[in-house]
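Below is one structure, written out as structure tokens; comments come after it.
Letters A, B, C, D, E and F mark the chains in the order given here, with residues in each chain numbered from 1 onward.
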Amino acid sequence: MKLITAVIKPFKLDDVKDAIRSVGIEGMTVSEVQGAGRQRGHTEVYRGAEYEVDLVPKVKVEVLADDSQAQDIVEAIVNAAKTGKIGDGKVWVTDASDVVRVRTGERGSDAL
Amino acid sequence: MLGALVPYQHWLSSGDNTWQLVAGVLVGLMSIPGLAVLYGGLVQKKWAVNTMFMAFTGFSLVLVCWVLFSFKMGFGNSWTGVGHGIFHNFIGKPGTVLSHEGLQSQANIPQVSGIGSMPPFRFPMSSLVWFQFVFAGITPLLFLGSVLGRMSVKAWMLFVPLWSTFVYTVNAFLLWGGGYWAQKGALDFSGGYVIHLAAGTSGFVAAAVIGPRLKRDREHAVPNNLLLVAVGAGIVWLGWSGFNGGDPYFAGADAAAAVLNTNLCTATALLTWVILDMVASPMKKPTFLGAINGMIVGLVGITPAAGYVDGFGAMMIGVIDCVIVFFAWYYLSKIRPFNKVDDALGVVYTHGIAGFFGGILTGFFADPTMIVYVGTGKTPAASSAGLFFGHPWQVMIQLFAALTIIGYDAVVTFILLKVVGLITPLRMPDEVLEIGDAAVHDEEVIPPETLGRMASASVSYENS
Amino acid sequence: MLGALVPYQHWLSSGDNTWQLVAGVLVGLMSIPGLAVLYGGLVQKKWAVNTMFMAFTGFSLVLVCWVLFSFKMGFGNSWTGVGHGIFHNFIGKPGTVLSHEGLQSQANIPQVSGIGSMPPFRFPMSSLVWFQFVFAGITPLLFLGSVLGRMSVKAWMLFVPLWSTFVYTVNAFLLWGGGYWAQKGALDFSGGYVIHLAAGTSGFVAAAVIGPRLKRDREHAVPNNLLLVAVGAGIVWLGWSGFNGGDPYFAGADAAAAVLNTNLCTATALLTWVILDMVASPMKKPTFLGAINGMIVGLVGITPAAGYVDGFGAMMIGVIDCVIVFFAWYYLSKIRPFNKVDDALGVVYTHGIAGFFGGILTGFFADPTMIVYVGTGKTPAASSAGLFFGHPWQVMIQLFAALTIIGYDAVVTFILLKVVGLITPLRMPDEVLEIGDAAVHDEEVIPPETLGRMASASVSYENS
Amino acid sequence: MLGALVPYQHWLSSGDNTWQLVAGVLVGLMSIPGLAVLYGGLVQKKWAVNTMFMAFTGFSLVLVCWVLFSFKMGFGNSWTGVGHGIFHNFIGKPGTVLSHEGLQSQANIPQVSGIGSMPPFRFPMSSLVWFQFVFAGITPLLFLGSVLGRMSVKAWMLFVPLWSTFVYTVNAFLLWGGGYWAQKGALDFSGGYVIHLAAGTSGFVAAAVIGPRLKRDREHAVPNNLLLVAVGAGIVWLGWSGFNGGDPYFAGADAAAAVLNTNLCTATALLTWVILDMVASPMKKPTFLGAINGMIVGLVGITPAAGYVDGFGAMMIGVIDCVIVFFAWYYLSKIRPFNKVDDALGVVYTHGIAGFFGGILTGFFADPTMIVYVGTGKTPAASSAGLFFGHPWQVMIQLFAALTIIGYDAVVTFILLKVVGLITPLRMPDEVLEIGDAAVHDEEVIPPETLGRMASASVSYENS
Amino acid sequence: MKLITAVIKPFKLDDVKDAIRSVGIEGMTVSEVQGAGRQRGHTEVYRGAEYEVDLVPKVKVEVLADDSQAQDIVEAIVNAAKTGKIGDGKVWVTDASDVVRVRTGERGSDAL
Amino acid sequence: MKLITAVIKPFKLDDVKDAIRSVGIEGMTVSEVQGAGRQRGHTEVYRGAEYEVDLVPKVKVEVLADDSQAQDIVEAIVNAAKTGKIGDGKVWVTDASDVVRVRTGERGSDAL
């Protein structure tokens, strides 16, 4: 099993969700994160005091998938999330040795 | 004793003056913080600061113009001198009200008060200037609802003074300053036309001229906090007691009737929208923002009528106006030109259409037994009658007055925006629109506390 | 000159009328947005929208009933005609106040005003209807605090009008409309019994009948935003100056004394709770919500007493009532029936018990040198004396009046809820309770902006 | 008829009394919830509850002292008896105002009202006590802005009563109670010195004595919610109409002029700061909090002047005071002692410096044609002239009065804090400062709902 | 070392925490996430405009544990989080090659 | 490729960011989490009802790095995040089999 993690621009979430579903995976877990990288943050000013926010709002999507589907999902995400501008984000893949569906106790591919 | 200090001149009534001042404060609160946080809570999070900034500055800009020249354009002597026809009764002559006479002498609207249709005022000029300012000041904040999320700050800060000077003062003079429609007997108790129809019309035209919000923003146009919407809406509702209650200019029976009618029509309209939500909306569920919409429709609908109708009339206006606006909101919005213009908060419905029909319904329901001013001796009491009370022509007067406002305001709003557009772009650039508050003002409504660091603290303790 | 327009009739005082109208607006603000956001901020996040929806609709429903029939039930002529005993002095005859007489004629409570115990009113009917409405309107919002988080919208929208009609009007008639307890000399300046004891009693009974919130909700019953609690609490506090200050019906010395006493008792009670929090609460820490609880107890406690007691009495009521409620809150809540009923916000303590003892303490502290109305000629001034001023029987009168309210309100609330329950379920289904606002209203107080997408934007620009 | 009940004594005017009561309520609202949520929204999230707690308790503490002894210290007879020089005209003799005379007799400031410079009051003592209380009550809340985020609750609860008793009453007596500076003709219409200069001075001294916030807090000193800032700021702005409008003590022409001037100066100053932000701030962007700063400067700047200047003067004060404070904020803050003291919200600028120059500018712009009280017979009207109207010495009087306030308040604040420090530590311990609200009050402004569990629900339903 | 990640229903957090502790692990890291899957989201309506939220609030729990404890923890979580209704969530396991306790610099099992 | 995950005290974020950058990595992803462990939570009280929050606010930092850099980054984070008091947090390392930069489609080290 693979865990694919994507950090993307927030407004691309809908496209990425659709892309993942088109590969045949319905489930995923999403969270709001902040990214640092080439894309610069910005300065806010509160009552004259400068406040540097060097982080940029991003959305993180985590998808568990069979090894066989992993590459397709990565491709699908990359295509859907791309704008071509700095800050489009990263996708990475790690191994999951075990997956369980809580409701049923099913394991492995059946748990997805 | 040959003399003594007394607190005020003989013409002044402390009761009437207090009422006028307090009514003004209540209306002021409707703008600041009322509308500022009502709209600030209704927009998506990235535009909350900008929305409030526009509200605070818009209100301030109008006041400065008001005392420097525009109060007299709405409530002074006709600019073109005495004469007949709309062009001699269209706008007042500009002038300041900054001197001690402008502040402390007896209030007076030369073409209206103390000359037959209204008793002489019992409060000073500054009370009148203040009271009428809060109406002038709220109007741009209302149409802000149409253009927020893309109009540039600079364009706003130019447009508001221009609009207030060239549009609002004309509306006010025509209906309240003794101008053409006042002379023809058009009824607009507190601004169903002067304010709400005007805001709906101008906001819609402005939204069309400035163009829509970003597609991305429209797709995420959810409110950022309904509790703040409730704070603003609540202040707007109760503040409206001053909005309509202050307009007889005396703390008498008509003021009290206007207060009660205002709240009654509002409650009725709120409940009407809730019921329509439950039976006629797509989800068939009562919604809080539906209740707020109904509330606003009720407030706007009773505004032209508040002291002219009886309680039955107030309830009927609440029901009828709300049904009209509810269906306009759901169905008219699907057809041209309404589906082609991005009126962000739907001001054209809840203020424009609600104000239009409120005014028309006033022409039906005005009850001549409602006495605005009491006649003594042989002078008959001042009151007005609508179609249901034997005066069918009133409906046509109301209609023509409304069409004047719609036509004039739409055209002049269009021209003014084109002029402003020559000086500075009306829209913010797309890169700025993508970010919102943080790009326009370097501020966010809820700054991410743990994720940033004070770099230069111009106003803060330095370690020594 | 044979005649002229004058602003109002000779019986009208613009000062008194202004005070009555403004006091009404202040009390109105206590409900909307005051209680709406105080409670909206106190509940957990999933119930904030529903709580505010209930507040806005409850207030509206009462107003519609009020003008159609219930104002006269509280403040009209006895329904059963003149006669002795409680049954002839129990409730007024229903009637509308929608006509121009209902709005613009001189105000009058037939069994009270201008007939010896009170000078004739100097404002019109609509001021009285408005002023008394805001009290009627706030009462259901108070007991909303007991039943929120499970009562269904439909049941609420039926129960509020019924309760207002069959319970509130009786309370009001008995004590304020010249009914039985008024005749017996029971003192309830502004509603310690009519409003707060009633809300505490009815809320408690309703919470018992409707059943508790979900266990899961009780375990996470933390407020969602204390800043909004502060907004609401602050408006409630200062608005209470109108609540108690308006009740002499004239802007005289007693109104001013009531305002000062109200704030004084409140400040005292707030500090009392803070000190008790620091010395007698489990954590021994001062809490903000403890301060707010103390504030409410002070406001409620002074309500039956505000214009009857001197400043010393006001402070004593603040201290004593707060100590009683503090210990009831911590200890009485552990025993039956209090530990068996899920009174969500503890209305039975901060309104019920606080109002009960406020009324009893009025029977002790009422100071006969506090003049409600001034006597001229041989007429003695109107004032009241309590136990500490030589009139021990007053305490018993207060007690019996309180028991009447508790008994009547509890029984009728129970019956009305059973009736409503025949028409529609009192509770929302558990699936709905699990989700909260999003299930009931399709709204959330803070919608998750990046995680959704506009599907059908009925009121929004469409790309052409 | 030999007699009847009348609502009030002959000396009472219901219009003036209503105005005084309502003005008091408006000023009360500026504190609660106004400043409580303005500051509560401006501080970082971990201090929001503590800030509001301090505001609610500070306000309450002052009221209790006020009626027990301190009102008379500000507005009673000179403690040291009649005599010349500042020491015989420095402070009033303490006394309670709790009796029925303290509440219901005719209001009177023995060294001021009805003795030549002011007509006799037309409202009762309780209106005066109430109205003057709200000013006394707001002042500690203003300087709270300097010391929040580290001052301990206990120290606050001791310091506020002491400061109010030994500093505020002296300020008030000197300028308003008929004390030395009043006799010398120093002008302070509504508290530019008594309140704002005092708050700026005392807050700054207190911030120095108590020491800075944690370094970590200063580095993350971002506001937690600008919508709440807007709620508070809006209530403060409009409430200020009562702040300045109530100070003539009569609802006459000068009250109305003061209301209009207040709003005009505020609008002007707000726009001035916005423009300076756009052209002279480091980022060259208009900011919402800059607009709020400008608003506050305008409100403070007009406070000493409101009923003495004409509209032109009001606008000039708005522009000049705002330019001064803007540059002080950005540049003075970089030099000693300003860069060595952690005045958390910059009260020394927006209240201290703004109040100081507001008072000085009053010495320039006071217009003698602005009539505070009207003369009859041979008595000349009461009004005041500044440098631009032929009375250059007024500027020096203003300056010396200001220096008296600065000197006295700074020294006594210092002494009082040292005394309090002997009883209880002025600062919270660092471990508490690291956590904030959750450590001080066991409360958080937005509790993390899903991450906790109710352990002992003292006030909640128990499963049976 | 194993990293066990569980995505569960928010109101089950207390039970899951207790379950993990009962296996002998005191530490864990919790965050609020949004899940997509079989459990459907809902529609919200703001001023008549329909707003589809197809994500459901979930809580994510991350626990580092010795290889030997991993299975017990997975079991404990699954049992505690189960309601039997759709949307109960997933648990998955990945390998952590190294773990350090920041305070002490301890590594491996000692760092837990 | 390695994924280094650090759970640290929130006010240490700035130092940790600087430390990571000093190793030569510019990018990272940050999120707000809640931790349970030796550091105790606290009790809050709302209207007299005690509410136990046994979780402590933490910040999670995720950094992808070449295998060669991973140890340096771990060291850097540990040094920067350390206060020596309980609750300083954990750092752990997992393997990422693949990394893609969304904007360009670059993979592996080039994607960082």
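Just so we're on the same page, a contact is a pair of C-beta atoms (placed from the backbone, for glycine too) under 8 Å apart; a residue touches a chain by one contact, two chains touch by 3 or more.
In this text the structure is predicted, and so the values were computed from the model without any measurement.
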item	value
Copies chain C and chain D touch via same or different residues, half shared test	different
Identified repeat of the C-E interface (over half of residue pairs identical), from B-F, D-F or A-C	D-F
Between chain E and chain D, distance of the C-alpha-averaged centres to the nearest whole Å	52
Centroid spacing, where centroids are CA-atom means, of chain B and chain C in whole angstrom	32
Approximate Å spacing (C-alpha centroids) for the pair chain E, chain F	17
Junction residues of chain D - those touching two or more other chains	13-16, 18, 22, 220-223, 225, 231, 282-283, 285, 287, 289, 329-330, 346, 442-444, 447, 450-454, 456-460
For chain A, residues that touch 2 or more chains besides their own	11, 30-32, 34, 43-51, 54-55, 94-95
Chain-level touch network, classified as line, ring, star, complete or other	complete
Partner chain B, residues of chain E touching it in the complex	43-51
Chain C partner contacts - residues on chain B that touch it in the complex	13-16, 18-19, 22, 26, 44-45, 116-119, 122, 212-213, 215, 218-227, 230-235, 237-238, 241-242, 245, 248-257, 259-261, 263-264, 266-268, 270-271, 274, 282-283, 285-289, 291-292, 295, 310-312, 315, 329-330, 333-334, 339-343, 346, 349, 367, 369-371, 373-379, 381-382
Chain A partner contacts - residues on chain F that touch it in the complex	1, 3, 17, 26-31, 64, 94-103, 105, 111
Residue numbers on chain B that touch chain D, as the complex places them	1-9, 12-18, 20-22, 24-25, 28-29, 32-34, 36-37, 40-41, 48-49, 52-53, 56-57, 59-61, 63-64, 67, 96-100, 102-105, 123-124, 126-127, 129-130, 133, 153, 225, 228, 231, 440-447, 449-450, 452-454, 456-464
Chain D to chain A touching residues, read off their complex	221-223, 281-283, 285, 287, 289-290, 293, 329-330, 345-346
